[in-house]
Amino acid sequence: MVAVNLTLDLAGTFFFALSGAMAGVKHKLDIFGVLVLSFVAANSGGIIRDVLIGAIPPLAINEWRYLAVSVLAGGITFYRHALIERLRSPVQLFDAMGLALFAVSGADKALAFQLGPVAAVLLGMLTGIGGGMARDILVAEIPAVLRSELYAVAALAGATVVVIGRQLHWSSLTAMVVGAILCFSLRFLAIRRGWRLPIASGRTF
Amino acid sequence: MVAVNLTLDLAGTFFFALSGAMAGVKHKLDIFGVLVLSFVAANSGGIIRDVLIGAIPPLAINEWRYLAVSVLAGGITFYRHALIERLRSPVQLFDAMGLALFAVSGADKALAFQLGPVAAVLLGMLTGIGGGMARDILVAEIPAVLRSELYAVAALAGATVVVIGRQLHWSSLTAMVVGAILCFSLRFLAIRRGWRLPIASGRTF
Amino acid sequence: MVAVNLTLDLAGTFFFALSGAMAGVKHKLDIFGVLVLSFVAANSGGIIRDVLIGAIPPLAINEWRYLAVSVLAGGITFYRHALIERLRSPVQLFDAMGLALFAVSGADKALAFQLGPVAAVLLGMLTGIGGGMARDILVAEIPAVLRSELYAVAALAGATVVVIGRQLHWSSLTAMVVGAILCFSLRFLAIRRGWRLPIASGRTF
């Protein structure tokens, strides 16, 4: 189970690191800046979650595989960014997978650390969207996760399923699989069909 | 006493959440982005303080009322932002109340966690201004709290009163009330009379 | 040994606080905003490191000398920014010294808290570059440390020497001195000779 968790987590890390590296290349950072941004995008959500639940030192700092996977994704992107760019559509799908994996594993870990249901949902969502927020802050942009098609909402839905499922005595794995499928499906359909949440109407001063 | 503390804290949360939601509406975030920004503006200061003093998990994560109040303020703002905008002047007053409440409760909590006097003053100020800083970082602006009329200074003054008062063996409540009144008065007068601190003179390269 | 550590740390704090204050003056913050930015630039790296390794409350919050030194540097810069600006070249050198001191002391502290070698290198680098990143985020710019001449790489090199040195059973002091010299030399030569890391080639969409 731990092995499954780690594998899924590292897969999510890889996809988010790709998005961080793309942002770095786009803003003409040098290769080391690109690698830093890969690591930040992939691991900030998990690190913040771990700090907030008291899991010190955070796993992403203390377990070298997270760094290795981030650097790998960053290096590939740096040298093959034209390729990654052509694959934008698959990358968005992978990003949605990363989001789903992080949201459910974040909520699950918060529950394992005895946090309450509302806190676990919040932390699951934060694990999913935190990396993307940190990435965009570092390149001085308003975080895309606050404006993209159902991005944060999908993470919220996935995390909520995990918390409710656990209260219904589902196994941890079942709850996470169902939550991840819901999160991924929501995000996937939102991208495909251009679903967006409303913005405030009228003249906005 | 705990009930009083919680009530004041939630009042401050509400007013800061309004300011976060207004920033979100102004930058055309969708409704969920607006709610995230409400939560961030209202709770970042307290969450950072709790992390720094070792109060894990942070109260604002673990106590659902903070989330509920933030979402309520965000929802009202989203659907009635023109009204909130017309009330700009009262909102600024409420914001000053929030600042005062957070600065003194932040300093008080730091003392309760055995931090020294300088640390407690710093953490009180940070609790007061942290949310506004996080809000502005998320919309890619230089934090207004670093430039507004005596904003951070008022928080510093309120927190200082709490720390000095406690060393003079005032009760916690007395120290907080006096500190909050000082902080609020300073900020209120600064807004009314346009008091500003100096900026560096001369040609600034 | 503790006294040596503290002295070196405070020297680094002073130089980083200068850089924060210069950024604040440049962006026309008022004097208090300038002081906040001094403190943030000088202490964010160490505070984040302390949170991540569980050294709560962080030293820079709990030990008044860090605040005093930051405020001193900020005040000098505010009133004498033209002078500091003329000294840009020496300030860059001092900044390089600060970087070297922070990178090696950060790695050393992480090892003292039982973190693994990869984590210690990461945390050393973060201690070195964290303050500059926070400073630039607060003035809504892309962190210069992600683009400057070998900035983060020099910090990484210094931290790596500390970790390897300790595994070779060097004394803590020896490892830190060698690491700091390497870090400083790399950064110094990079500034002098304009060494830069490559950025991604070709059309970057």
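Here the chain labels run A, B and C in written order, and each chain numbers its own residues starting at 1.
Operating definition for what follows: a contact is a pair of C-beta atoms (placed from the backbone, for glycine too) under 8 Å apart; a residue touches a chain by one contact, two chains touch by 3 or more.
These numbers were taken from a predicted model, which means no experiment stands behind them.
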### Query
subunit C and subunit A are one sequence twice: same or different residues at the contact, by the over-half rule?
different
## Note on the structure
Expressed as a multiple of 5 degrees between 0 and 180, the CA superposition of subunit A onto subunit B rotates by 120
### Task
Quick one: report the Å distance separating subunit A from subunit C, using the average Cα coordinate of each chain.
29
### Query
Can you list the subunit A residues in contact with two or more other chains?
51, 137, 140
### Query
Hey, which residues of subunit C end up touching subunit B in the complex?
24-34, 36-37, 47, 51, 56-58, 61-62, 64, 67, 78-79, 81-82, 85, 137-140
### Query
In their complex, what parts of subunit B are in touch with subunit C?
51-54, 113, 115-116, 118-119, 122-123, 133, 137, 140-143, 146-147, 152-153, 156, 196-200, 202-205
